[in-house]
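First chain A sits with chain B, and in the next complex the same chain sits with chain C.
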Partner chain A sequence: MNSKELVKNAIGRMVPTEVNGKTLIPFMGVGKYKPTGRKYAPMIATCADYPSDGNKTVPSLKDALIKAGLKDGMTISTHHHFRNGDLVANQIFQIASEMGIKDLVWFPSASFECHSALIEYLKDGTIHHIEGSMNGSLGRFTSGGNMKGVGVLRSHGGRYQAVQDGDVKIDIAVIAAPTADPFGNANGVNGPAACGLLGFALADSQYADKVIVVTDNLVPFPCIPWQIHGNYVDYVVKVDQVGIHEKIVSGTTEITKSPDRLLLAEMTAKFCEQTGIIHDGFSFQAGAGGTALSIGIYFADILKEKGMKSRWARGGSNKYLVKMLEEGLVEYILDGQTFDLEGVRSMRENPNHVDTSPFTSYNYHSKGNFASMVDVTILGATEVDVNFNANVVTHSDGILLHGIGGWQNCLFSKCTILPIPLFRDRIPVIKDEVTTICGPGELIDVIVTERGIAINPLRKDLIEKMKGSSLPVKTIQELKEEAEKICGVPDKPVFGDKIVAIVKWVDGTVIDIVRNVVN
Partner chain B sequence: MKNIAETGNKGKGVRSDCYVTLQLTNEGGLNINLESKVKVLYGKNIISLTEKIFKQFGIENANITIEDTGALDFVIAARIEAAIHQLTERDNEYLPEMLKESKYKTTKEKYRFTRLYLPGNSPSLMLNAGIHKPDGIILDLEDSVAPAKKAEARFLVRNALRAVDFYGAERMVRINQIPAGLDDLDYIIPHNVNLILVPKCENPDQIKLLENKISLIKKKHKINDSFWLMPIIESTLGVINAYQIAISSPNIVAMAIGLEDYTADLGAKRTNEGTESFFARCQVVNACRAAGIQPIDSVFSDVSDMEALKQNVLKSKSLGFDGMGCIHPRQIKVIKENYAPDADEIEKAKKIVLAFYDATEKGLGVVSLGSKMIDPPVVKRALSSIDTAINVGKLSKDWRNEVI
Partner chain C sequence: MNSKELVKNAIGRMVPTEVNGKTLIPFMGVGKYKPTGRKYAPMIATCADYPSDGNKTVPSLKDALIKAGLKDGMTISTHHHFRNGDLVANQIFQIASEMGIKDLVWFPSASFECHSALIEYLKDGTIHHIEGSMNGSLGRFTSGGNMKGVGVLRSHGGRYQAVQDGDVKIDIAVIAAPTADPFGNANGVNGPAACGLLGFALADSQYADKVIVVTDNLVPFPCIPWQIHGNYVDYVVKVDQVGIHEKIVSGTTEITKSPDRLLLAEMTAKFCEQTGIIHDGFSFQAGAGGTALSIGIYFADILKEKGMKSRWARGGSNKYLVKMLEEGLVEYILDGQTFDLEGVRSMRENPNHVDTSPFTSYNYHSKGNFASMVDVTILGATEVDVNFNANVVTHSDGILLHGIGGWQNCLFSKCTILPIPLFRDRIPVIKDEVTTICGPGELIDVIVTERGIAINPLRKDLIEKMKGSSLPVKTIQELKEEAEKICGVPDKPVFGDKIVAIVKWVDGTVIDIVRNVVN
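Our next item is the complex of A and B:
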């Protein structure tokens, strides 16, 4: 793509107005883009076309894909609740490749290293491009400029938005399910591949033209709970194994042992305490990383000491959050994904541990969502710039390595804190300009590093509250200079002319692009 | 002399370090082969640093491979210099710039509740050591460095003393046992080390040897500063000679006990109760108090059990110790908090100190609290408790105004 076809968006990045044959809208600012009209709707189905005995099973995934009308250029969706233990997505494209199908679009809710096998099908033309996330090896492949089409990166909420406003039309949704019945009702709480819930597949079930449920634990009707309703499902396939249990949920998630990360967690928790963010009835969300887990521990200590409790916490859940729920320090967990076996157990047993989907939590086209109601959200980032813009998809060397996940959506919380080390193996985290903007600085309130805390100048209230604090409050510029003094000023990566991926904002507009890496 | 030199660390889990392989050649110039995870961002920087070092040593022909995992300049420089020294005798050094933040001195009376041990050949642990706020940071050249790595560790420790900001923590180095440890001094005395730990100290003569060598280096480099010493008593003989060692130099500010070696020497098993070392600990505390220096306890090796550490510190404090070594940053807070005065002690100290100020203001020679006269040593201890409480954050600097 030639750079003269690019336009400058509201955050100053040059973005294309068309990729993969689709027209794009440049980012206009937070909350500015408001499409009108009616939502996209799937094809009208007629129950007379489906077996009256409710048995929709077909012998194999290949049969199901053929019955679903698999053909060149289709968009195939999968979910990522099996994380790095997914055995289904790769099979779909292996079948498609054997059938000689070309130019498919893979629309996963996220990708993992286990999906690196798909590089083969990206190379042989079975897959044209990926819309979702390109992690690890897939990211490196994409950054090398090797994908036929242009990758599209979306948040979990942005994925729901794209489905609802018709930006992405799913031809076939393949929903791997830990338990299902022949009618297609499915859940994630039971079965050998139990993953807790199937919220990321909800939109797919409702909006795809054809829906295939694949399970290794077929139970007689009814499959209870029915997190996915069989009424949306066309075909059910029984296979030997849908996922590798130990890679789906870890037996145990452990808090970090790294003293530096524990310090970050402790400083973050103290910040929340000193600013009054932690109060009786507050809500919080912390991610899955070791630092985030540790923050939960410090939160629990503070709540206990003060005799307070949290009204609700957002998952991903883990044993530490479950313990808080069971000890009464948290009243409800509203959970998007379960990270360990304790999370799965709690969701199965405890009515206050509730499964959610991107519709309730993150969707731009919902009439409000939970993300903006959270008092404090703790997130990560690969880079932050002096304007608090942050990057989660590329590294400082320019290579695409991560998806957005729920990160963009979570920025809408009342206070977004990024606890990040000031540098990682010599690479400073704070830059003049991030390599890729994934989140606008106006939504990022606080950066906590081991050498100081920077508060966004827009948050005068927080700055005021931290006056006289024993915590080291510095400007983001000071932190940047401190890191560069230690590490040296890094050179910039050299990019090629090719746009290999675009980064969508939660509303579907284009906030930034990723170019191929030359060096 | 060897033909090929290899220095540094590589392999699984190694970060912020580099592995240098060097071969000196007769022609063909400098061939630098850099493999680095930060090559895109710092490749040019690393190459130009390498060229600069070789120029300084007057080496024009060599094959160098640098396998880098994000090492900072001071690390790369130390590794290259150590490699050069393996292959040639050169009376030359490449010194990274001395940070102005690293030029501070410490006082004899400074608190030494916590001092964090860092293996002297592991750069990744050095960078963030200071942010955990130990009273002292020990760059260790002794037991945590493998014999084959002793030589290269000296360069790394020297460069760390110059280029790493320890954020006010007392800059300490544990040298090797005297006499071998005397050779370590050339790498640390000219680079503003604050305190030297002298391991396996058994007699005052070792301290004399040490002081002589320090004087020579000071003369050579025209340095006037004092270098504090902390002998570590780790043998039965050392325990017997504890007092003589403690008074063997005016620069000795503290003396520590090392129980691992001591119990081995004693022929007893080291237990959690510590009955076998009770005598030795008391002896060291007594020797230190008699000599007017700080008695420092042995490290606590279970880094995961903070409650056991706390109990250990409380017991140590009750024996009279003033501090303890740390082998993990998470131990710092627990150790500091528990050596520091507890709430009752602080309350009592506040009353005594207020009475003392009151008496001073009124020009009274005698401090009294209620009907009781307070002896000067009690006042002194109360003042010290208040200082400590402020130092560890248990008491506000403004506590007198807050009381009133």
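Our next item is the complex of A and C:
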């Protein structure tokens, strides 16, 4: 795709009105696009077509895919609760490739380095393009302009929205499940590969034409809890191993030991304390990065000291958050994905550790969701511009390396804080213009760097509260200049003409594009 | 409506092809009607239209109804988890009547004697007709030919099917909830009016245009468990009292003391033992009537004696079933409604006491449901004919007095047994032809009466297993003749020309009609 037929969207980015043969709506501003249609309506099934004894097992994944009618051009979905330990997605496309199937769309809820094997199937034409995240090797492959179609990046909530609204029609959903029964009821809390929950697969189960559950722990009906309802499931496959659950722990789920990062964490926590954001009954989402985890620990200290507790914390859960729950510092964890095995254990054992889905947490085309109720959300970013717009998918070299995750959705919290180092590898993080806009500045309230805190001018209330604070409050321009004084202004990446991916906003409109990088 | 334009359906009953302005499909035989369309697609909402702090409370039910756009001709739904202790349904129509609204359709999941107050609003034109059950006084009113429109009787599963498939479009769902938060998350297990679960309101929450949650126990977000998701909810109303939960206990939730009924129970249990239906890991549904409860107690004794346990029991739960769960005789209760406060407590405390909905249990237009997996289901009937067809909605005098409940759905179990007295008030229960066919004989396997057991000739396997049994196995004709020898053949009721209600089968087709009774 070349650059003709682009239009300028509400945040000033030139975006296409069509990719992969589908019409697109340019970003119109936060809350401005109002959907007028109806949700996607799946075909009506009948019990008459399903075994009355509830046994939907078939011998292999290949059998299930054939029964589900796998053919050229279909959209195949998977979830990422196993994170880098997923063993199922690659198998699907290996089978499809061996069958000579072409032009599939892979629609994962996220991809990881373990999926780099799929590059082979992107090359041989089995996969046309990915709608999801293109992380690591897949990102580099995409940025090189090598994917046949155009990648589509969505937030977790945007993925639910896209399925619900029929923007993406899933032909076959494959749900890797740590435990399931022959009817297709499934959960992530039990079994040798327990990974916590299956919320990212909820939309897939509800709306896909055919649904396949793959498990290595088949139990007699009923599989309880039934995070996925067998009533949505067509086939069940038993395999030897469905995922490597130790690999849900990534390198970022330990608290940081870097003095710089600890400083960021401490400044962020102090900011929350001084502005009164931390109060009895408050709610927070701190994410899973090293800095974010450290902030959680500071929050715990502050709560203990003040004799307060948090009504609820939003997970990704991990051992630190679980400890807060078990110590009574947090009443509920509303968890979207478990980041370690302590999170899995807690979700299995503790009714106050609640599994959620992008429907309950993030779907913007809903009658509200809980992301906007969070008092404070701590997020990361690869770049921020002087208007507080931020980037999470590309680096300053222009290469696509990350998915959006829940990041866009979380921006709707009452206060969004980005604690970020002022520069990374001597490249300033604050720019005049970010490489890719993933989130509009109006939703980003505070930037915390090791050399100062910038509050969005829109948040006069926070600026007022920080008057007289010992914390170094500066303007974002001041922070940018300070970084550039030290590092200079870096060269911009050289992009080609090809649009390799588009970035969707939470409402399905297009907020930005990613072009191929020319080296 | 008069008798012209009737067609004969697959079970030989004359049924209309249209009532209340809607086209109908005559019953085509079990599993014969294959839906070809798509599910009902609700309008896409957007968070932009809902308060970002999640507070959807409005001052009163009237305010909520006005905001929801209450107007003439709308369909208003309620659930029956409070059974005879419901305090909300009557208020809705009182408000509507005071506002001068006309021709509403009331779409409850069931009605009880406490709803007899609605006769006033059926008379004054506020309510056009009821789609649900017309029990007791409402049934008599309907049978008298006094309802403006034609009543539509559906099973619990048929109700979910009708909503899912768009046969019934709910304009406003009002969900009475023992506990809720301001976002609309709600449950039935907590709060002063705890009634157990809210599964009957699931379809309403998912598909209604506007959803109102009414509660007397408003808690801070998050209300956990969230049996109803606030993401589907438009308005939340706090009231003084939402229901009288002691009244979920009806007169039939104590074990029978009648020697005749105890004999039925004992014979049924022995039949299940002798045929091998009771085996380690079996599943059963015994219902809540006095006889059924006694059968459960016999089952418990047999299990204990044999050192076996049941994998799961289907509730309606009550103190007897809870005792079996707590004694380890049953591993899971899959519960559709709690019939006493012990059921409520157990569901609140015990993760193996699982709340279900008509979606998971009964919806026939699904990829299977668990009703067909139950090894044995014990049900009641007002009449049975010599072809094993049975009636649960009218009595032999022709008067409509009961709803279908889950009865039709449960017929799909592996073995359906009806333990019924051979006559009631000197009227034989086995007839040449039942007044109203609610369930086709091919799905009813065994009739147990105090004077003998009749096995459906289709179940050659069961007949074989009972050869040489000490239990009195007879043909259904023999049982009928025996009853008629004692009581004579009763007069048939005298019906008028008016169709006052239709009876839907689980797939939405029309299996029979109910006419007005002329006295």
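The rule is short, and it goes like this: the second predicted complex is superposed on the first by the 512 of 519 C-alpha atoms of A that agree within 3 Å, B and C clash if a C-alpha of one lies under 4 Å from a C-alpha of the other, contacts with A are read in each partner's own complex, and residues count from 1 in each chain.
Assume contacts are C-beta pairs under 8 Å (C-beta built on N, C-alpha and C of every residue); 3 or more make two chains touch, one makes a residue touch a chain.
This structure is a prediction, so every number in the text was calculated from the model and none was measured.
**Student:** Could you check whether chain B and chain C clash or fit when both are placed on chain A?
**Tutor:** fit
**Student:** Report for A:Arg311: first if it touches chain B alone, second if chain C alone, otherwise both or neither.
**Tutor:** second
**Student:** Between chain B (first) and chain C (second), which does A:Cys487 come into contact with in this model arrangement: first, second, both, or neither?
**Tutor:** Once the two structures are laid over each other on A, A:Cys487 reaches chain B alone.
**Student:** Would you check which partner chain A:Gly496 touches, where first means chain B only, second means chain C only, and both and neither mean what they say?
**Tutor:** The answer is neither, since A:Gly496 touches no partner chain.
**Student:** Give one of first, second, both or neither to describe whether A:Gly289 is in contact with chain B, with chain C, with both, or with none.
**Tutor:** In the superposed model, A:Gly289 contacts neither chain B nor chain C.
**Student:** Using the superposition on chain A described above, determine whether A:Gly125 touches chain B (first), chain C (second), both, or neither.
**Tutor:** neither
**Student:** Between the centres of chain B and chain C, viewed from chain A's Cα centre, what angle do you get? Round it to the nearest 10 degrees, please.
**Tutor:** 140
**Student:** Go through the superposed model and pick first if A:Gly145 touches only chain B, second if only chain C, both, or neither.
**Tutor:** Touch status of A:Gly145: no partner.
**Student:** For A:Pro259 in the superposed arrangement: first (chain B), second (chain C), both or neither?
**Tutor:** A:Pro259 contacts chain B only, not chain C.
**Student:** Under the stated touch criterion, which partner chain does A:Arg451 make contact with: chain B (first), chain C (second), both, or neither?
**Tutor:** After superposition on chain A, A:Arg451 lies in contact with chain B alone.
**Student:** After superposition on the shared chain, which partner residues are touched by A:His365: those of chain B (first), chain C (second), both, or neither?
**Tutor:** A:His365 contacts chain C only, not chain B.
**Student:** In the superposed model, does chain B or chain C contact more residues of chain A?
**Tutor:** Comparing chain B with chain C, the partner touching more chain A residues is C.
**Student:** With both complexes placed on chain A, how many Å separate the closest C-alpha atoms of chain B and chain C?
**Tutor:** Distance of closest C-alpha approach: 37 Å.
**Student:** Once the complexes are superposed, what residues of chain A are shared between the chain B interface and the chain C interface?
**Tutor:** On chain A, the chain B and chain C contacts do not overlap at all.
**Student:** Quick one: in the complex, what on chain A touches chain B?
**Tutor:** Chain A reaches chain B through residues 259-260, 262-263, 396-398, 424-427, 450-451, 470, 486-488, 490-494, 519.
**Student:** Inside the complex, what are the residues of chain C that reach chain A?
**Tutor:** 31-54, 56, 164-165, 183-184, 211, 220-222, 224-226, 229-234, 281, 311-312, 332, 334, 351-352, 354, 359-360, 363-370, 372-373, 412, 414, 507
**Student:** How about chain B: which of its residues touch chain A in the complex?
**Tutor:** For chain B paired with chain A, touching residues are 15-16, 37-45, 69-73, 127-128, 131-132, 165, 328-330, 393.
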